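By written order: A, B and C. Residues from 1 in each chain.
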Amino acid sequence: MIFEKYYILISLFLIAGSLAIVFSRLDKRHTGVRRITLIAVMTALSIVGRFIFASLPAFKPVSAIIILTGIYLGSEAGFLCGCLSAFLSNFYFGQGPWTPFQMVALGLIGLFAGIIFSKRRFKRSSFRMIVICIYGLICGIFYSLFLDTWTMLWTYGSFDLKGYLAVISAAIPYTVLYSLSNVLFLIILDIPFGKRLGRIITKYRI
Amino acid sequence: MDFLKINNLKFKYASYDESYIPEGNVLDDVSLNINEGEIITLCGPTGCGKSTLLKLLKKEIAPQGMQSGDIIFCGKNLSELSPLEQAKDIALLFQNPEDQIVTDKVWHEIAFGLENLGIKNAEMENRIAEIIAFFRLESISKSDTATLSGGQKQLLVLASLLAMSPKLLLLDEPISALDPENAESFISTLKRLHKQLGITIIIAEHKVSYVAPISDKMAVMDKGRIVCFDTPNNAMNVYERLLPPIVPVESKMPKPADSEPAVSIKNAYFRYSKKEKDVLENLSADFKKGTCYSIFGCNAAGKSTLLNLISGLLKVQEGKISWGVKKPKIAYIPQNVELMFLSDTVRGELINSGYSKDNIPDYTKDLNLSSSPFDLSGGEKQLLALAKISLLTPDILLLDEPSKGMDTNLERIMFRELNRFTENGTCTIMSTHDLHFARTVADMCSIMSMGKLTGFLDTEAFFKSNKLYSI
Amino acid sequence: MIDRLHPLSILIYFLSASLIPAFSRNPVLHTLCLITGFLMLFTWADAGKILKRVPVFLLFFLIISLFNPFFYHNGNTVLFYVAGRRFSLEALLFGADSALIVIGVSVWFISLSHYMTGDKVLLLFGVLSTKLATIVSLIMRIIPHYASYINAYRKQQKLMGIYGEGTFLERLRAEAKIFAGFLTWSLEHSMTTADSMTSRGYGVAKRKSYRIYRIRQIDILIMITSVIFILLLGLSLIRGTFETNYYPVIVMQPQGREAILSESVYIIYSLFLTVKHLIKVNYGFFENKQSKI
C-alpha cells in the first residue's frame, strides 16, 4: 500500500485553503471592468461548451478554451477561467470533494498557458501552433492522470501499483480521446479566437 | 442657473482601425440648455449623432475621439465631476436590456449599483425595498433575471438605475427594441416616475410618436447639428420635413388570382411541451406565390411559432404543412437578426453570402463595411440580413418584425426590396406590429389569435373592415 | 428549514457531516453517513425522483465493491477462485465499505449543491474577493442566456445552409465556424455589459456586497456543534479508534470511550438536523392545510 486516505484529507484542506488564500488576494490587483467581463464570457463559453458536448464522452472544448483564455487574456484570466469553469459546471455535472482538485488543475492549466505563451515570447507562427498543440496534449494527459489517481485514492483510500495500472490502462482510450480532442479544439479555435479577441482588445483598449 | 448646459460641443471619433477613418464631425456646434425636471426628446435620422451626444454626457463610457466645447452640469464642468458623482448623478440606459443585466437575480440587479457605491447594508435594504415597491417588482424580486420577458428586463434595468437616485436620466433608444404593448407600459412608467421624482430625462428615440406626448421639449438633430429645439408640436413639423417625402410605392402589380400555392397548412396543431397549451390550434391557410402576406396579433399569439413551422425549424404535431415545390428554398429573417451573422465584419458577412467585393447591393454601400455587424443600428442590421438572403432568390421569405428599429429612410429601402422579391415570384410572409409598414408592403392581411388565423383579406379591405386594426 | 440558514453554516454542516466519516475506516459510520444522506435528500426532493436515482447508486455500489476483490487477494476467507486467484470475503467487504462511503458522500453533495443556491455561493465568494463575486455573478447571469442563444443560432445557421453534410472534419469545421460566430456575438455584447457596469459606478468606491442572509442564533449553534463534532471525530481519527483492519481477517479497533462518545454525538447531531427537520416540515404542511379549511 502506497498511500493512506489521510493524505487526501490533508491535501483537500491544503488545496481548499490555498485556493481561498489566492482568491482573497485577487482584489489586491486591479483588473479593468472590460477584462472582468471578458473573463466571465470565456468561462461561460467553456461551461456552455461542456453542455453542448455533454453527450460525447471525453470530447470537450473546456480545456482548449481555458488555454486560449490564458494565452490571449493573460495568466490571471486563465487561472480564474479554469477554476470557475470547474466549480460552476459541477453544479450541473455533480459537486463533490473532487471539485477543489479540478479547480486547481484546470486553473493551473490556464495559468501556465498565460505564462508560457505571453505575447512577448511568442509571435504567431507555425512553431507557436505546434507548441500550443503539445501543451494541449500534455495538459490533457496530466489532467486525466491526475483525476484517475485521485478517484482511486478517494474510492479505496490506498492502492497498490497493480490495481492502479489496471485502472489507468482501462482509462487509456478516454485519456487519448480527451488529449486529442484538446489538440483538435486548439487547432480549430486558435485562429478565430485570436482574431476576434485581438480585435476586441484593440478596439476597446483592454 | 441651468441644470445642464452644452456649449458649442464638437466631436469626432478616433479610429481604432486603420482601414476606416471616420470623416467629418459626428457632432458639430451642439448647444443646448436644459432645465431641471424637464423631459427632452432627441430625434433625427439614423446616424445624426443623437446616441453620441448622450454618451458624451456620461464621462466614463464616452467614446474616444476629439472633443471641444463645454458640458456644464449643475454649474460644474462635466470633466471636473468626480467618478463617484458621475456614477451617482447621471444614469444612462442603453438600447438593449439584455446586455445591461449584470447579475442573475432581480434583487441583486437592483442592488448592484448601490454595492458599487459602498453604501451601508441597512440603507441598501431601504432603497431596494423602495424601488421594488415603486416599480411593482415584488412578485419577481427573487426570480432569475433570465426568466423575465423583454419588457420586464427593460423595466428592471430602469429600476436598477433609479436605485442610485440619479439627477439626470439618459435613455438611448429605450423603446425601439420593444413591441407596442411593452413600449406603452414603459412610457407610462416613465411618466409616473417623472411625476413623483421630478427627475430630468433626456430620451434619444426615433419612435417619436411614443415619446413626444410626454416631452416638454424636443431637439431635432440632423448631420451632427441641432436644427430645432422647441415644443414637441413645433419640432415635430421640422422633423417630418427632414424625412424624405412619402412617395407612394409604385402601385402594386395586380396579382393573378389563381397563382400556385407556395405553402399550404391544413388543420395544424402545435404545442411546445405536453403540459403547455396549444399554440396552433386547427390552423389552416394557403399562401400563394408572388404575394406578400402580413400577420398581426399580440405578443405570444404564436406568430413566430407559425413562421418557425413554415420554415421547417419546428414540425407540426397534427395536421400537415405542404410546400408547393419539393425542396423549397426558404429564407427566414428571425426577430433577432443577429442570429444570421457569422462573420466579424459587415464586409465578411456580404462576401460569405455570395457577393463579390465590388458587387454589393447598393443599399449596403453606406454601411461601414469594416465595422462589426453588431455595431450597426437595429434598422441597418435588418438591411444587412436582407442583403444576406437576397442572392438566394428564395421561394418563401419569412420575416419576423422586419421594420424593427428602422427609421423612415431605411423602411423605404425595405419596401423596395420586398417588392422586388414579390415580383420575382417569392411568397413573402411576415409577422409585424407595424401597421403602416404592413399597409404599404403587404397584399393580404390576417390576424392570429387563439391559435388560428382569420381569413386573409386584401390589405385595403382588411384595413377598411377592421376597427381596431386601422390607421 | 435548511434553506433559511446562512450559507456559511450550511457549508460547515454539510462538510462536517459528510467528509469526516469519509476519512475514517468504519462501516458503522459509513452506513450512518449514507442513511442520513438519504434522509437529507428527502428534505427537499420528491420520493419519486430519489427512487429514480437508486438504480444508479446500486450500480456504482456493485462496480466499486467487485473491483476490489479482483485485484486484492489477501484475505483469509476465500469464497472462490477466479482464474486461479483468490476472491476473498474480506476484500469484497472492503470494497463494499468503500462503496458505501463514496455513495454516501455523493448523496450528501447532491443536497449540498441544492441548498447552496447561486446567491449563497456569491455571498461566500464575496467574503473572499469582490472581484471574484462579480465575475461569478456575471457568469451565472450569462449562462442561461448563452445556452438559449446558441440553440437558436445553430438552428438558424442550419436553415441558412451552413452545415455542409460532409466528412466528420467538415462538419467539425462548420461547428467551429458557428462557435466563432457565437464568440463574436458574445464578445461584442459583453462590451455593452461592461459599459453598463461602469456607468453604474463599478470601481468608483470600495464595493460592498449586499447581504440578504444574516447569521442567526441557530447558525451559531450549528457552526459550534459542527466544529465540536469535527474536533471530536478528528481526534478519534488521529488516534485510530475508528480504524478497521480488513486483512487478513476483519478486526474492528476496540472502540474507546471517546469513539463511542463522538459517534453518538454524530448520530444525535445528524438526526437532529435531518429527522427533526422532516417532522417540522410535515407539521407545517398539516398546519397549512388546516388553515386553508
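We adopt the following convention: a residue touches a chain if its C-beta (ideal position, glycine included) is under 8 Å from a C-beta of that chain, and two chains touch if they have at least 3 such contacts.
Keep in mind it's a predicted model, so treat the numbers as computed, not measured.
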Between A-C and A-B, the pair joined by more C-beta contacts: A-C
Most widely separated chain from chain B, with each centre as the mean of CA atoms: C
Euclidean distance of C-alpha centroids - chain B vs chain C, Å: 44
Distance from the mean Cα position of chain B to that of chain A, given in whole angstrom: 40
Centre-of-Cα separation between chain C and chain A, whole angstrom: 21
Two or more partner chains touched - positions in chain B: 344, 372
In chain A, residues with contacts to at least two other chains: 196
Shared-contact residues (touching 2 or more other chains) in chain C: 134, 138, 140, 177, 180, 184, 188, 190, 193, 197-198, 202-203
Sites on chain A touched by chain C in the complex: 5-6, 8-9, 12, 20, 23-27, 31, 33-34, 36-41, 43-45, 47-49, 51-52, 61, 80, 84, 88, 90-91, 94-97, 154-157, 160, 162-163, 166, 184, 188-189, 192-193, 196-197, 200, 204
In the complex with chain B, residue positions of chain A that touch it: 195-196, 199, 202-203, 205
Residues on chain C engaged by chain B in the complex (per definition of touch): 118-119, 122, 134, 137-138, 140-141, 144-145, 149, 152-153, 155-157, 159-160, 162, 177-178, 180-181, 184-185, 188-190, 192-193, 195-212
Sites on chain B touched by chain C in the complex: 58, 60-61, 83-84, 86-88, 91-92, 94, 96, 98-105, 107-108, 111-121, 124-125, 128, 144-146, 157, 160-161, 164, 311-313, 330-332, 334, 336, 338-344, 372, 374-375, 388-389
Complex interface listing, chain B residues touching chain A: 16-17, 64, 344, 372
